[in-house]
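Multiple structures are listed underneath, in structure tokens.
In what comes next, chain A is part of two complexes: it sits with chain B in the first one and with chain C in the second one.
Showing the complex of A and B:
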């Protein structure tokens, strides 16, 4: 699971959970997988990304390079920054781990890089 | 596999899948290949859209989302797919890898857990639903039956999903869905018209007793 995907997941499918975002990551096995850098793709995706959720997720996965608190339009020309964003969004792979609902604490497993968001009948 | 003789895009390799896998997931068949042919037929339109986010619901083996990604190879997009069957999402990821595509699967029921953040964001939406007419009791499995069991008129899962399309699709987004005649496409067209969508039938093909169609929806232009 890439952090780009994580950015789009919520747990408000659980009965009683209001926002369920962002899900915390408890990493079990994290890998770095090289992906071709495409600055245009990054600038296209950026407006759709919840930046603070990405920043938090990257930290939880041990992303040492770190991300700034905000990314303004004037920074979109900064290739070094875009490369760091690219690395966080696309190259960090959570292979095994858990996603945790911030309101209920309910854990969703990530196995073989795939999050399982299915609920039990009593949770819906 | 594809019946189109002039194929510009290679049909995704699925040689990594075994007969054993098909005990658990849907083996690509005429319906899958018809959807591939429809996407190929629409490739210019799809490329022109310059999609950012593509989503396949009920991806099964992952052959369709992989093929879409192959069409768009020079224009990177986020390829998400879901399936209620965890074996399917695992296999879809593999299918992507075997074809040099990165698919991001999520095991979930339709678009649960993704729909909030994907509101108005999906540029290409694919759905090859469980369209077979079956007793209602057969609907709701998380195993291979989920691939075909459609309940009354084969519409139980289709209708549940159709209510979500308007929220998911971006302004210029395209939604492709496989149906059979028994699903009454004309009725689906009327339902979606009320939601503000125009429908076209991209391709039709008979496969044994089934008359398959690929329907394409987009927002009615003012």
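Showing the complex of A and C:
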């Protein structure tokens, strides 16, 4: 699972959970996977990204990439920043580990890079 | 799937798409061809802008449809209920991120995440109650409501699916509209049993948009019967022998000429009555 996906993932499908965001990551195995840099896509995603959640997730995975707290208009042309964001969003890959819902404490296992978001009968 | 019968009737998706079935999706070239053809058509209907977009693929399976998304330069997240299918996707090293989840429980994403949604041959699974506590209309509504939230305003969702009968079709569209979606069905090749493909094309708010046209709809598009004055003509000719009529003779000559037969040239005497004394 990439941090891009994690940045949008919530556990609010569990019954009784309001926000379920951001999910904490308990990493087991984290890999770096090279992905082609696409500045256009990163620029498009910038306004959608929740920076505090991304910073937290990167820290949990053991990366401190110097991510910004917010991104303003004037920073959009900053290629260096875009590259750092690209690395955090697309190249960090959580292969094994767990996601934890901040409200209910429910754990979602990550196996083979795939988070298991299946619920039990009583959680629907 | 070609072995006959609907897979939905055989077992729940997480069991039907077992290792053997999943393997087919990476080795059976016919299946791969059909899947990628369908996803290309779905993307065509989705009509994403030229910039790279963030797309959700529901029922992504082994990531065949995702490959078409990647080819068009977009980024995607795939969701599927079968872990075996997702393992195949990991083995195939697809570009998108994968999530194991049940769409009937809702889409676990923040509001406004995706620019577009596609789904190939997955939606009909929601019409089944595979567990005791499953209630298809409720699951459909939950699915459509949470999806509506997860899509950015003005976003689109295109589902290719195989409804088993008209009541399933009605249930699906009804629940989608209840959740706030607008749009409707696009049917490709409606007159063919085999090539017929249904796409549910939904819009999440934004400007009212027009549904794209289905393929092979040219002949069927005129729902009304075209006007013909044949009956009128026959009525006017009542009591007369139609074959002595000049128009009829001319048209018959024309017909024979078209057939390549030897026909005398038309003249002012054509179709005229002979004189009495003759």
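To be clear about the criterion, the second predicted complex is superposed on the first by the 124 of 124 C-alpha atoms of A that agree within 3 Å, B and C clash if a C-alpha of one lies under 4 Å from a C-alpha of the other, contacts with A are read in each partner's own complex, and residues count from 1 in each chain.
Everything that follows uses one rule, which is that a residue touches a chain if its C-beta (ideal position, glycine included) is under 8 Å from a C-beta of that chain, and two chains touch if they have at least 3 such contacts.
Treat the numbers as computed from the prediction; the structure is a model and nothing was measured.
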item	value
Chain B versus chain C as contact partner of A:13, first or second or both or neither	both
First, second, both or neither for A:48, with chain B first and chain C second	both
Which of chain B and chain C A:79 touches, first, second, both or neither	neither
Touched partner set for A:121, first chain B, second chain C, both or neither	second
Doubly contacted residues of chain A, that is, touched by chain B and again by chain C	1-2, 4-5, 8-13, 21, 38, 41, 44-45, 48, 50, 112-119
Complex contact set, residues of chain C against chain A	51-54, 75, 77, 81, 83, 86-87, 90, 97-102, 105-110, 112-113, 131, 133, 146
Chain B-facing residues of chain A, complex	1-2, 4-5, 7-13, 21, 35, 38, 41, 44-45, 48, 50, 112-119
Chain A residues touching chain C - in the complex, by the definition given at the top	1-2, 4-5, 8-13, 20-21, 38, 40-41, 44-45, 48, 50, 112-119, 121, 124
Chain B residues within the chain A interface of the complex	52-53, 76-78, 80, 84, 86, 89-90, 93, 102, 104-109, 112-114, 116-118, 121, 142
